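Chain nomenclature is as follows: A, B and C, assigned in order of appearance, with residue numbering initiated at 1 for each chain independently.
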Amino acid sequence: MTLELRGITKRFPGVVANDDVSLSVAPGEIIALLGENGAGKTTLMNILFGLYSPDEGEVLIDGKQLELSNPSASIAAGVGMVHQHFMLVPVFTVAENVVLGLEPTEALGWIDKDAADAMVREISDRYNLAVDPDSMVEDIPVGVQQRVEIIKVLVRNARYIIFDEPTAVLTPQEVEEFFAIVRGLKEDGKGVIFISHKLNEALEIADRIVVLRDGKSVGEANPKTATENQLAEMMVGRPVELEVQKGLAEPGKVVLSVENLVVLDDRDHRTVDGVTFQVRANEVVGIAGVQGNGQTELVESLTGMRPSLAGHVFVDGVDVTEWSPRAIHKLGIAHIPEDRQESGLVLQFTVAENMVLDSYYDRPYSRGIQMDWDVAAHSSERLVDEYDVKTSRVDVPVSDLSGGNQQKVIVAREFDRDVKLVVASQPTRGVDVGSIEYIHKRIIEQRDEGAAVLIVSSELDEVMALSDRILVMFKGRIAGEFEGATATTTEVGLAMLGSGGSHD
Amino acid sequence: MTATAELFETEARVRATPEERRSTIVGIVLIALGVYVFWAFGLGSGAGLDARFNLSLQTDRFQDLSWVVDARTLSILVAVIIVGLGIWRVTRSALSWTNISLAIGFGLFSLAFLAWAAAGGQFSLVGMLRSTVLLSVVVVLGALTGLMCERVGIINIGIEGQLLASAFAAVVLSSAFGTIAGLVGALLTGGVLGLLLAWLTIRFHVDQIIAGVVINFLALGLTSLMTARILTDVQTLNAPERISAIRIPFLADIPVLGPMLFDHSFFVYGMFILLVGLHFGLFYTRWGLRSRSVGEHPKAADTAGINVYWVRYRNVVLGGMIAGFGGAFLGLSQVARFEENMTGGIGFIGLAAMIFGRWLPFGALGAGLVFGFSRAVQQKVSILGIGIPSEFLLMLPYIVVIVVVAGVVGKTRPPAADGQPYIKQ
Amino acid sequence: MTDQGTQSPPDERPPNGRSFDGVMDRIAGIGEPIRRALLLPTLALVLALVVGAFIIMVTDVDAWRRMGDEPLAALGDMLDGVWVAYRELFIGAFGSVRALSETLFTSTPLILAGLAVAVGFRAGLFNIGARGQIFVGGLFALWVGLHVDLPAILHIPVAVIAAMIGGGIWGGLAGLLKARTGAHEVITTIMLNFVAAFFTLWVLKTSVFQEEGSTIPKSAPILESARLPTIFGSQYRINIGIFIAIAAVFFVYWILFRSTIGFEFRAAGFSPSASLYAGMNVAFLYTAVMFLSGALSGLAGATQTLGLPPYTVTDNFAGNIGFDAIALALLGRSHPFGVLWSGLLFGALIAGGRVMQAAAGVTVDLVIVMQSLIVIFIAAPELVRAIFKVKAAEAEPTQVTTGWGA
């Protein structure tokens, strides 16, 4: 009665994502699969779930070989997966999402809505999940969406459940609730694979910890005896500095001032609903919050990407509210966008082309409208050296680089000039530990050189580590403000849920 | 205290939301339209000239129904209503009425225009409404084709070519082997071109729009070549039996509605049945739920055990068959012969109708009727001979499409995965 | 995206060692191995010819009539038909000085309109509206050619610039609609084609353009000074338009790969979002690139109205150039030099096709079919690979458009 992966190997062009990985889970057991971004955890689980097919290796369930061709086979064999990016159709109801693929039907394929609702209610009640089958998925919070995913898995009678980075979107309190649910599943006899890169969570929930590095399994650890430092070393392959080294801030004059800003999202909802705050020179202000509480729209509005409905944004006392992105950029604002592949880089362009993506229009890269590509290439070579970007040449497409190096290209581009204000959104999302350390160091360096820094991250740890001051966004408003040095995870977490906070 | 002060300051710089701005723009358009109606049709119609709108056809049971109205009075009344609607829009109240106001405005505009054009004479209103339905059939079927494909995430620009090729097949096969063969041939031709689109885009990841454009030109080239090399030589292959109308007892005798809806060939009834079937199928059945999930979030569908590729192939082929049905109507129902490039862009109009109809079957019907109406007006008005060059009237439907896709309808939301290839590792 | 595995795999590029000088080549998009550039188009052309032969055979009505009695002879007739058709096609394209002149003459507007479509592709826009832009541009040039009295040295440039403005406006309109309202350019440009065609039909019947005494939509002959001078005397139609086209090729190359605005076009083409974040005005870029695209189509219109003996213009002067342009832009991989060669190839096909139509009774429509097939094979290299069992792996599928997204 076990689930067993044997010798799984998966190659993508240029990378070996999984290299001869073996793993097993028993019913009623929780395995934590620990590894850095890019270590191959998700690939391995996608193989188990039938989304990718492996180049070598096999999966056995109860001793029988599982056909690794499509999710249906895995589902039928009792494997369920809660994906990191939820596999929910936003414009469907909860019930529609849950029954998709196993719809209860009447004649002519007519869907029996009552039966569908009942399926959701039954599981929801049994595991105390509190989900309304008739809500539209796009209207419910991410925490609830995750529970819909769990219901989907349970409705399909999964005996082995994979959770891919399930806590990334949750507040610390929600994480506790989530762990309670997972323990309930364990008692029910389910085998659980918990994928994470967070050491403390793995130590708390797992019966056994398996560590992946560079696609290889590098060993197991017992959560009762292992320490965070040991695990970190296993994950990264060298001793890791878990704390960000930074001196005390001595905030100077106000650089960024936001007053009563109101911003609409794409669906015309007031996603940012009257936000006021300041960021001073020599200060890092972090905005924490569960994703989808207006952080994205706030940053887009600050950088000129999205018009605001009301309110003002001042930079150095200048009202930049209706300015274009380029005008704001020229004032000396460095912007690290949330989604580097979508917004930060032109993936088909070379490293050099990306290095000049927002400065090409001026000397020395161009005269009039004539580009000077030699200058651009030489300047890119310098930046690649200076910012430790690992690439063979600057004329390769930036898509050939790893996530961490892509992010360093953006950091190099944005920081290589006089920077007054840094606006960094999810600066280390999906990036390896080495690059995280490096990028954090560079950000603190900017602060120490006198820039005002605004960090937006859904990783509470990152906000806590970097910030001199922490703001919490909830439902488009600032729901709490904390001193970086004294704030605790618990109180910030509570504010992320919209309760408490020391704002007034 | 500070909160109120801040609030006050906030309100000092409030910009309009997109919907509010749209309302204002629509309002200004309506006011301009109203003023134009007053000037051109109100003052432009001679005093005391009656327009007689005939409400019955010569074949109807109830004869000689008509509506006589003074063109100037009617136009001025219409102008006042349109300006009123426009002012209401400019005040930005009741934003959900923006599109409805616009629709009412243009409907009334058309009425005033017809009254002006028919002033001192008569005009068969019921004939025009009947033409509206007939002329919208292919547009609606084209829109349903597009909808079938786009609901599963595949853009079909090749509707035009599917219509053209299946019209050709319908004409040739019907001439050679009879009507049934023509119909089946048309359905198969449409389906095969759907299969080609699905195959190129799914199997070979060909850009969907390029694949569609290629299908159009392949269909144009092949049908033109065969027309020149075969049909001009063997004329009997271009003489199918024309499919006649089926009068539905009683219903066809209802004044106005009867000739409009219940005295048509089975193509028209087929279109309505398809429409209702698609509406319920898409939103109430397993087939619809799975199809829509593939168009919205194919990976979610895949992880739920749904075969994304199969769903896409199936629906795109079915969509092609709907176009095949439309092509058969083109070839067998009206002129009953094939002419080179006889579709003349109607497939693209269908595509626009799909967008205008917001990817909903009944939306497609509404949009199709709008385009059918604009063509019907063009046809009937050119008979009246009112001094507008026919070329400009011929442009009308195409201009309507541009205006429509340029956002008369406001923000639309296509299926989220529309146009995106789904590639598994 | 946290794990490598969830990222889409990077496209397959040969990891050949390029020197630093390669930077320029890469950025400029030239210096690709010749084999890679030529293999796929050649195979596509061969396949299209094979399928074309098949079509000629099955549409041979006379042969089919004999099929019942003498099947072998009928088959022979069919093969003979293919032979005659392709022979005439070749002779018509390359067989004589006149043929070469015709090929170059026919290529001229194709190259220009092909550049128009290619520029659009580079910026992520699919301009199907070359036809309409040719009409409008051509009419602008025609008006100047009829009504402005200037010496030839000025008259031709003024007429040509007028064509660029006219075509540019018509193209720019679609760009503006996209930028301001999100209206998809594929639909608007197709609709604008119809509008322009009807407008042309009407305007050629007005007294401004119509030849006196004519009842059909046909213009009066343009003034001598506005006619594009022929190169080898009036017995050959080839004129200085071909030099305009070649100049345009180099101009477009410079714009796309050496200018800041070209950098913006390409950035917006690959990633509108990243371009916006980099501070580019994507709405302006859409309008600008469609204006440029329209202006290039307008040039094609000018060569049609100013360079086509007998210098009177009828309502179908845009011919099928608009579609040919799409096909050859794809064939030329949206690169100006690629467009030049594909334009010459298509010019040869069409010029030869005219001779074929006259001599072998196979209409030029066959060329449309062959072009469609070439586009399919270019866009689906895997298909060609499967058929020929060769490794055409270097050719990646072309993704130029993405949904209706505003």
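By definition in this document, a contact is a pair of C-beta atoms (placed from the backbone, for glycine too) under 8 Å apart; a residue touches a chain by one contact, two chains touch by 3 or more.
This is a predicted model, so every value here is computed, not measured.
K.L.:
Quick check for the class: compute each chain's Cα centroid; which one is farthest from the centroid of subunit B?
P.N.:
Max centre-to-centre separation from subunit B belongs to A.
K.L.:
I want to compare two interfaces, A-B and A-C. Which one has more contacting C-beta pairs?
P.N.:
When A-C is set beside A-B, the one with more contacts is A-C.
K.L.:
With centres defined as the mean C-alpha position, give me the subunit B-subunit C separation in Å.
P.N.:
Centre separation, subunit B to subunit C: 30 Å.
K.L.:
Any idea how many Å lie between the Cα centroids of subunit A and subunit C?
P.N.:
Subunit A and subunit C have C-alpha centres separated by 45 Å.
K.L.:
If a residue has to touch 2 or more other chains to count, which residues of subunit B qualify?
P.N.:
In subunit B, residues 425 touch at least two other chains, as defined above.
K.L.:
Please output the residue numbers of subunit A that touch at least 2 other chains, ranges allowed.
P.N.:
Residue numbers touching two or more other chains: 12, 46, 52.
K.L.:
Find every residue in subunit C that makes contact with two or more other chains and list them.
P.N.:
If we look for residues of subunit C contacting two or more partner chains, we find 5, 9.
K.L.:
In their shared complex, at which residues does subunit B touch subunit C?
P.N.:
Within the complex, subunit B touches subunit C at residues 155, 157, 200, 203-211, 213-214, 217-218, 220-222, 224-226, 228-230, 233-234, 344-345, 348, 351-352, 355, 389, 391-392, 394-395, 398-399, 401-402, 405-407, 414, 418-421, 423, 425.
K.L.:
Which residues of subunit A touch subunit B in their complex?
P.N.:
It comes out as residues 12, 46, 49, 51-53, 70-72, 75, 81, 83, 86-92, 96-97, 99-103, 105, 108-111, 152, 259-260, 262, 264, 268, 274, 276, 307-312, 321.
K.L.:
Along subunit A, where are the residues that touch subunit C in the complex?
P.N.:
Going by the criterion above, the answer is residues 10, 12-15, 17-18, 37-43, 46, 52, 84, 165, 197, 303, 305, 324-326, 329, 335, 337, 341-350, 352-353, 357-358, 360-361, 366, 369-371, 373-374, 377, 393-395, 397, 399-400, 402-403, 429-430.
K.L.:
Can you list the residues on subunit C that touch subunit B in the complex?
P.N.:
Touching subunit B: residues 5, 8-9, 55, 59-61, 126, 128, 177, 180-184, 186-188, 190-192, 194-195, 198-199, 201-202, 323, 326-327, 330, 361-363, 365-369, 371-373, 375-376, 379-380, 382-383, 397-405 of subunit C.
K.L.:
In the complex of these two chains, what residues of subunit B are touching subunit A?
P.N.:
So the residues of subunit B in touch with subunit A come to 6-7, 9-11, 13-15, 17-19, 284-287, 289-290, 292-293, 296-297, 299-307, 416, 424-425.
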